[in-house]
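Supplied in C-alpha cells, the structure appears directly below.
Labels run A, B, C and D following the written order; every chain starts at residue 1.
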Amino acid sequence: MIPVEWFLTLSVVMFVGGLFGVLTQKNAMRILISVEIMLNAANLAFMAFNGVFYNADFPNSFSASDFEGWVFVFIIIGVAAAEAAIGLAIFLSVYRNFGEIQITNIFTLKEQEV
Amino acid sequence: MVVEEGIQVIEDKFLINSAILVILIPFLTGIFLLFLRGLEIRNKTKFSERLTGSIGVAGLLGSLINATIIIFTYFNKYDAKTQRVIGDTPFVSSAHGTFKWGISLDPLSVIMMFLLAFIASVIHFYATEYMHGDTAYTRFFGTLNFFTGAMFGFVLASNLFMAFVFWELLGVSSYMLIGYYWPKASAASAAKKAFLYNKIGDVSFLVGIAYIWQITLKAHHPTLDYHELTNLISNGTISINQLWFPGLLLFGGAIGKSAQLPLFGWLPEAMEGPTPVSALLHSSTMVKAGLFLLSRIYFTFVTVGGHYEAFIPEGDAALTATLITWLGVLTALCGALIALTATDIKKVLAFSTISQLGYIGMAMGTGQIHVGFYHLVSHATFKSLLFLCAGAVIHSVHSQEMKDMGGLKKYMPYTYWTMLIGLLGLVGFPFITNGFYSKDALLVAIKNSDIPLAGLAFTIALITAGITAFYSSKLFILTFLGTPRYDKDHVHPHKTGIRMRIALIILAIAVVIESVWWAVGSIGGLASEKINKSFWNFEYRLGDLIGIHGAPFALIDTIPSILAVILGISLAFGMYFYQIPFLISLKEGGFIIKLENIIANRFGFDKLIYVLAMGPGMWVGSKFRRFDEEVIDGFIINTVIKDGSLKLADYSNKLDQDGIDGVVNGLGDITSELGYNLRKVQTGQTSQYARWMMFGLALLLSIMTLLYFQTFTIK
Amino acid sequence: MTWLPVSVLFLGIILILVVDLIFREKAKVYTVILSVLTLSFSSLMVIQTKGTNAGSMFFFGDFYVFFSIVGLLSSIIVVFSAWKDYSVELDLGVFFSLLLLANAGGILIAASRNFIPLYLGYELVSIPTYAMIAFKKKNRSSAESGLKIFLLGALSSAIIIYGLAMYYGATGTLQMGGDIINHSKTLAIAALVLITVGSSFKIGLVPFHYWIADVYSGASVSVVNFLSASSKKMAFAFVFQIFFVGMSSWHNSYTYLFAILATFSVIVGNIVAVVQDRLLRIIAYSTIAQAGYIVMGIVAYGEGNTFTKELAMKGILFHITAHVLMKGAAIAAILVVISSTKSDHINNFRGLFHTSPITASALAIAFFSLMGIPPAAGFYGKFFLFLSLVEAGYEWLALIGIIGSAISIYYYGKVIRIMVDQPESKEKLNSFTPINVLLVVLTILTLLFGIFTQDLAIIAENIVAQNP
Amino acid sequence: MELLYLLLIPISLALPTYLVGRWKPEFAKYLATLTILVTTIYNFILWFADFTNPSTNYGSFMYNYTKSWVPSVGIYFSVGVDGLSMPLLVLTQLVFLVSVVSSYYIKDQQGTYYALLLVLLTGVTGTFIALDLFLFYIFWELVLVPMFFMIHIWGGPNRKYAAIKFFIFTHLASLVMLIGLFYIYLEAYRNSGQMSFLLVDLKVNLNGVSFKTLALIFWLVFIGFVTKFPQVPVHTWLPDAHVQAPSPGSAILAGLLLKMGGYGLIRIPFWLFADVVDESGQHFFDSKEGHTIRIIIGFIGMVSMVYPAFIALQQDDLKRMIAYSSISHMGVVLLGLAAYNEWGINGAMYMMIAHGVISPGLFLLSGIIEHNTKSHTRDMSKVGGLAHKMPFTAALFVFMAFASAGLPGLAGFVSEFNVFIGLFANKELMASNDKFFIFPFLPYVIIPVLAVLSIIVTAGYYLWAIQKVIFLEQTDELENSTPAKWWEIQPVFILAIFTVILGLFPNTVWMVLDSWTQTILPH
C-alpha cells in the first residue's frame, strides 16, 4: 500500500514545477498550462487526504461529508475548464490587438514618467 | 461703623457719592469732549474754543467744588486721626477673594485730592488761553480732563487694585498728552518712551501686588485694602519681614512713574507736550503719584512705634527704606546737577522737579511720611506756578531756549513777580517761603533718621539745596534781568494774556498763603505751645493726622540750609548778573566743561537703559525670528510634513532615475530588490508581477515559520 | 425557497440576453431597467431568506444579508455608470449579464459555511470579472489588463486551492471552523500562508497589489467602478469567511501576518498616490490604502475579546459601506469628466467647481470622506477601526494608520484644490441627468451616514454573535 | 431644545444661501447676515434669561438635550451648555456677526463664501455645546473644511501653501488627540464596564483609573489642543494662515478657532479629571503627576508668551505681528491653567473671551488698512500717518492696540491681572525651590517672572506699530484712501464697545465663570 506521504511529495513537486513554469515562461499559453498543472497538484493532494480520512476498503458507515475531498476534485476540474475557456478568449483578443502573446513585450500600461 | 483697633471705618453715603462725583465729572466731560472732537473731524468743522474750553474748565470746577465740600465736612464731622470713610463695591468677585472698586477718605487722600483739584482747575483755566488757536483744542481738553479724572481715581483709591488700574490709566493719558503734537516725530517717540518707562514700573507694581495677595492669602485673609493691611500688621497676622520685598517692588513702580534715579530719562523728553501738560502732569500731579503711593504703603518698610515715632525695622527689612532714601538723595543730586547744564527753560524746571522728587522720596524713606507729604504739597504749588510762568515766557518769546530771552522784566511785570515768588519757594528763601519750612523739615528728618550713612545723605541734600538755589537764580537772571538777547525785529515780548495772568496770580497767592501759614505755625509754634499743637503748625498737624511725629521745628537746624541757599544765590548773581571775571573763568574752566557734558547726557542713564532694554530686546527678537522661520517652520514643516510625503516620494523617484533600470531577471538579490523603487516596479510586465507575488509568499512563509514556536498555539 | 435570490438573478440574465437579441439598437434603456429591477428584486429576496436554515453547508445569517446586499446595491451604481460609459455601450446586455453572474457568486460566498461552495462562489465572481475587464474589443489596454488580471488571478486561485488542500489535510474536513488535528501543524501553517497570499492578491494588499494600478487605468471606467465598489467587497466577504469563520478556532495565528500586510499597504498606497497625476491611478492607490485600513480591522478582530471583536466588526462594516458610497460617487464623477475630456489627467479637473458644480462637489465630498473628515461617512469607519486597534493593543498600527491618513490629505487635497481654481474655458460640461441624480443621492448618503450607523452597529453585533 | 435652533438654523440655510448666491450674489450677503443676526439675538436672549442671577450653580449643564445615536457603542447626540461654554457661545455669535458684516467687500463667488461661513458657524457652535466626545470630535474636525476653503479661495497671494499647511497641521494634531479620546473611552469602559462617550458618564467612570494612564491621556489630548490654540513648538501655521486668510476669515480664526483649543484643554483634562481621586484622596492635578504636568504646561505657556512677543517686535507685516501677539496672549491662558487656582483658571477663561473680542477687531482693522492702501500692502514701513486720512480707523486701532496690551478698564487687563495673581499665589510655582528638570539651574519662579516681563515687550511692539502706522507723516501709500466705509468700521466699533463693557463690568461674566470653577477645583 503506497503511504500517503509519497502522494503528497508528488503533489508538492507538481505544485512547485507549475509555479516555476508560471514564473519563467514568456508565452501566455505556457503560463496557462503551468497553472493547470498546479491545479492538478491540488487535486492530487485532495485525493490523497480524502483517502487518509476515509478508508474505502472497509467502510463501516459513511455520510455525505466523508467524500468532501473527492467531490471537491470534480468541482476543481470544472472550474479549471471554465478558467481555460476565459483564458483562451482573452489570449485571442490580446493576439488580435498585439499580434502576439509574448507577455514580456506587452507593457503599454506601465507607470508613465511623471 | 466697624470698629477696628485704631482706625474706625465709617460708611457715609453722602461723602462717598460726592467723592465718586469728583472722579466721574472729569471723566464724563473728557469723554464728551473727545466725542465732540469726533464730530469735529467727521464734518470738518471746529467748535468755538469758548464752548469747549468752558466745558473743560467746568468739569474741573465741578470736582473742585465737590472736593472743597468733602474736605470741610470730613475735617469738621469726623476726627480725621482715627476715622476713615470707606465705601467699596466688588469689581471682580471670586469665591475666596474679591478685587474691589473702593474709595477711602482719609487725611492723606483728602488733602491730596483738594490740592490736585485746586491746581488742576487753575491750570485748565490757564490752558484755555495758552492753547488758543490750536487745531485739536477739544482733544487737548478732553484728554486733560480724562487724565485728571484718572488722577482723582488713583488718589482716592482704597485698595492697591484700584490704585493699579488708575495708575496705568495715568500712564496712558500721559502717553496721549505727551504725544499731543503727534505729527512731530520727536513727540511721538517721546510719548512711546514715557509709556514704556512707566510700563516697566507698572510690571514691578503688578508683581508687588501679586506678592501682597499671596502673603495675605496664606494668612487666610486675602485683601489689598490699605486699612485692612494696616490692621493685619497691627494684630500681627502678617509681619513686616514678609512685606518688605513687595514694598520694594511697589517702590519699583514708583521709580518708573515718579522718575527716580534709573528711570528718569523720560521726564525731560516729556517736555515735548504743551506747557500746561508739563505743568499739570510732569510737575505737580502725575509724577507725585509714585510718592503718594509710598505714603500709602508706608507700613511695608516702616513700623510706627508706641507714641508715633517711626523707625526702620532691623535686618534685611531695612533694605527697602534705605534704598528709597538713598535713591531719593542721589536723584536729587543728579537732578540738580543736570538742571545746571540745561539751557531750555522747561528742561531746567523738569530736572528741578526730578531733584525735588528725590527730596520727597528721601523723606518718605526715612519714615517721616508727613514731612515728605509736607514738601509734596508745597512743591506742587510753587512748581506748577513756575511752569505756568515759563509757559507765559515761552508764549511771548516763542522759544524755550534761555539764551534768546533776558530783560523781560519790563515787558511782563506780572509774570516777573509771580515767577520771583515761585523761585523763592523753590529755593526755600529763609523764613518767608513755604519751601523753606518744608525743605528744612526734610533736612531735619534725614539728619536724625537711623538710615545708614544718614550724615552723608544730609550733606548731599545740603549741597543739592545750594545747587537748586544756584540754578533757580541763574534761570531768573537769564530770563528777566540782564540785557535782552532775542533778535528785536520779529520777537517782541508782550504782556501775558488776561486769563493766564489771573491763573498766575491765584497760584502766587496760594504760595504766599502757604508761606504765611507755615511761617506763623513754625515760628509762632516756637513761642507758644498752643500754636504749635494747633492747625497753624502744618507739619505737626499733618503728623498728627497721619500718626507719625518727627523732631519738632528748631531754628538752629535751619542754619546750614540758610547758608547753602545764600551761597547759591550770591554765586549765581555773581556769575551771571555782575559777570565777575573770576567766577566766569571758574565757569569756563576745563574741569567744569568736562563735568558739564557728562552731566548733560544724564550720566549716560539713557544710553544704559537703551543698551539694557531696547538693544538686546531687538537683537533677541531677530534671533528668535530667524529661528522661528528657518528652524521650526523650515525643518519641521517644510521638510517633514508639507513636502514630507512629496519628499519621500521624490526621494524614491531619485532612486528610480539612478537606480537599477534593467528588468529584474529571476529572483535576483532580495536586498537590492527591496531597495528598488516602489513605483518603478509597475513595469507592466506580468511575469515580473508574478515574481513579486512569489517573493511576498516567501516572505510570509518565513515569518510564519519564524513565529511557529511562539504565537502559534493550538488551544 | 433558500436560493430564490440567485434564481432571480439567473432569470434576469436570461431575460436581458433575450431582450438584447430582439431590440438590437433600442435595447440599451430596457436592459438597464431590467438589470436594475433584477438587482433590487434579488436584494429583496435576500432579506426574505434571512434565517432559513439550509443544512451545514450554508448559513443565512446577518453576514449573508449584509454582504449580498452590498454587492447587489453597488452593482446598481455600476449599472448606472455603465449606461453612460461610452466604451461599454455597444453590447450593454452582455455586460449586465456578466455583472449579474458575478453577483450570484457574491451571494454564494456570503452564504456558504463550507469551503466547497465558498471556492465555487469565489471563481463565479472572478471569471466574469476577467471577462468584464477585457470587455472592449478593439482596445489594446483593455486586452492587456484582461491578460494581466487573468494570469495573476489564475495563479492566485491555484494557490488558494492548494491552500485549501492543506487545510483539508490539517483539519480533516472542508467544513469551516475545523480544529487542527494534532501533529499536523506544518500543514496548518502552509494552509494559512497559501490562503492569505491568494486572498490578499484579490483584495490588493501591497506585495500583491501590482495588478490594481494597471487594471484600473486600463479597463473602462464602469468596470473600474465595479472592481472597486462591488468585486472588492465580495473579495473581502471571501476573506472574512475564511479567517473569521474558517480559521476561527485557530486563534490569532493570522493577526501578525495581516498587521504586516496592512502596514505595507497603508504606507505604500498613500505615498505612491501622492506622486500620481492621473486620477484613476490615484483612485487605484487609494483603494490599496483603504484595503490596508480594512485589514487593520481583521487584525483587531483576531486579537481581542468579544468587545474588541464587536468594535472591529463595526469598524469594518462602516468602512465597507462608506467605501461603496465614496468610491461609487468618486468614480462616477471621474466618468463624467472623462466622457467629455477623454483623459483623466488632473489638469482636466481644473475649475470643475465652476464648469459643473454637482460633479465637483460630489467628488470633493467623496474625497473629504476618504480623508476621514467627520461628518462624511469615511470618518466613522476609521474612527472605529483605530478604536478597536487601540483596544486590541496595536497602538503602533493605529499610529501608522494616522500617518497614512495624514499623507492622504495631501493627494486628495491636491485634487480638490485644482477643482476650486479658475477654469481655463468657461463652457459647461454636458451633464447626463441619471449620473447627476446618482451623484446627488450618493453625496447625501455620505453626508447623512450618521443616521444609519446604529442599524449597521446592530448588524455587526449579530455577525459577531453568529460567527462560531 | 433651545440649543438645537442655534445648530440647525445656520446649517439648514447654508445650501439656500449658496443657491441664492448663484442666482443673485447680493442676496446671499443679506441672507447670511440675517441668519447670523437671528442666532445672535437668540443667544443673547438665552444669556439674559438664565445666566444673570448669581445664585444658580453654573457647574451643571443647562438646556441639556440628549438623544441616543449609536447606543450599542454608547454614542449619543447630546448638547448642553454650562458656565464654561455659554460665554464662549455668545462670543461665537458676536464674532460671526462682526465678520459677516465686514466681509461685504468680497465680490467673487459670494454665494459659496457665505454658505461656507454658515457651515463654519455650525461647526464652532457645535464644538462648544457638544456633550458627547464623538460629537465633539465631529464638530472639531468639521471646522477645518470651510476654513480651508476660505483661506484657499479668498486668501492673499501665497494662500495655497498656507491653506494646505493649516489643514494638515491641525488635522494631524487632532488625530493624535483622537487617540487620547480613545484611551478615555476605553479606560472608562475598562474601569466601569459602561460603554458611553457622554462627558457626564465619563467624568464619573474615570474615577479609579491610575494617575499614570491619566497623565498619558492628558499628554495625547494636550498635543491635539495645543496645536489648535497654538503654543510655541507647533505654532508656525498660525502666522501663515492669518497673513493669507481674508480679514473676516482671520478674524474668525483668531477669535474662535484658537478658543476651541483652549475650551477643549479646559473641558477634557481639567473638567473630566476634576473628580478623579486616588486612594489617598488626592486630586489628579495635585498629585505628583499633576504637579509635573502643571510645571511643564506652565513652562510651555511662558515660552509661548515670551518668544512670540520678541518675534512680533521684529515683524514688518501688521497682520503677522498681530498673529504673533495672539500666540503670546494664548500663552497667558496656558499659564492660567498651570496656576490651577480660581484666579488662574477664571483668568484663563476670561482671557479667551477678552482676546476673542479684541483680536478680531485688530485683524479687521488691518484688513481695512490693507484695502485702502494703493498697493494693498500691510507693511508698517510703507503705511504711515494713517491718522491724517482715516482718523476713526486710527483712533480705533490705538484703542484696540492698548486693549490688547492690557490697559485697565478694558477686557484684556482683567484677565492678565488675575492670571498673574493666580500664578504668584500658586504654592508650587512660587515656594518650591527645587530646580527644573529640563534646566537644572532654573528655579520654578522663572515662569511667572519671565511671563510678567513679556508684558513690557508686548506694550513695546504695539506702541512701535502705533507709531509707525498711525503717527508720523503720511506716506504715499495712503494717497487715495478715503475714510473707512460704514460696514468696515461699525463692526470694529461694536467689538470696542464690548471690550469696554467686559473691561468695566467684568462681574457679569466673571460670576458665571467663577461658579463653574468652584465645581472643578479641589477644596
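Quick note on the criterion: a residue touches a chain if its C-beta (ideal position, glycine included) is under 8 Å from a C-beta of that chain, and two chains touch if they have at least 3 such contacts.
Remember, predicted model here, so these are calculated numbers, not experimental data.
Chain D has its Cα centroid nearest to the centroid of all protein Cα atoms in the structure.
In this structure, the chain pairs A-C and C-D differ in their number of contacting C-beta pairs, and the larger number is found at A-C. Distance between chain centres (mean CA atoms), chain A to chain C: 26 Å.
Rounded to a whole number, the gap between the C-alpha centres of chain C and chain D is 42 angstrom. Rounded to a whole number, the gap between the C-alpha centres of chain A and chain D is 66 angstrom.
As a whole-number value, the distance joining the C-alpha centres of chain A and chain B reads 96 Å.
Of all residues in chain C, those touching 2 or more other chains are 144, 147-148, 151, 155, 159, 213-214, 275, 406, 410, listed in ascending order. Touching of two or more other chains is recorded for residues 164, 168, 172 of chain D. Residue positions 641, 653, 679, 682, 684, 686, 690 of chain B are each in touch with at least two other chains. Pairs of chains meeting the touch criterion: A-B, A-C, B-C, B-D, C-D. Residues 56, 114-116, 119-120, 123, 127, 130-131, 134, 137-141, 143-148, 150-151, 154-155, 157-159, 161-162, 164-166, 168-169, 172-175, 213-214, 217-218, 275-277, 281 of chain C are the ones touching chain A in the complex. Note for the complex: chain D touches chain B at residues 161, 164-165, 168-169, 172, 233, 235-237, 307, 310-315, 342-343, 346, 385, 387, 391-392, 395, 402, 407-409, 413-414, 417-418, 420-421, 423-425, 430, 448-449, 452-453, 455-457, 459-460, 463-464, 466-467, 470-473, 506-507, 510-511, 514, 517-518. The touching residues of chain C, counted against chain D in their complex, run 307, 310-311, 314, 353, 368, 371, 373-375, 379, 383-384, 386-387, 390-391, 395, 398-399, 402, 405-406, 409-410, 413, 417, 420, 450, 453-454, 457-458, 461. Here chain B touches chain C in the complex through residues 641, 644-646, 648-650, 652-653, 678-679, 681-682, 684, 686, 689-690, 692-693, 695-697, 699-701, 703-705, 707-708, 711-715, going by the rule given at the top.
In the complex of the two chains, the chain D residues touching chain C come out as 68-73, 75, 112, 134, 137-142, 144-145, 149, 152-153, 160, 163-164, 167-168, 171-172, 175-176, 178-179, 182-183, 185-186, 189.
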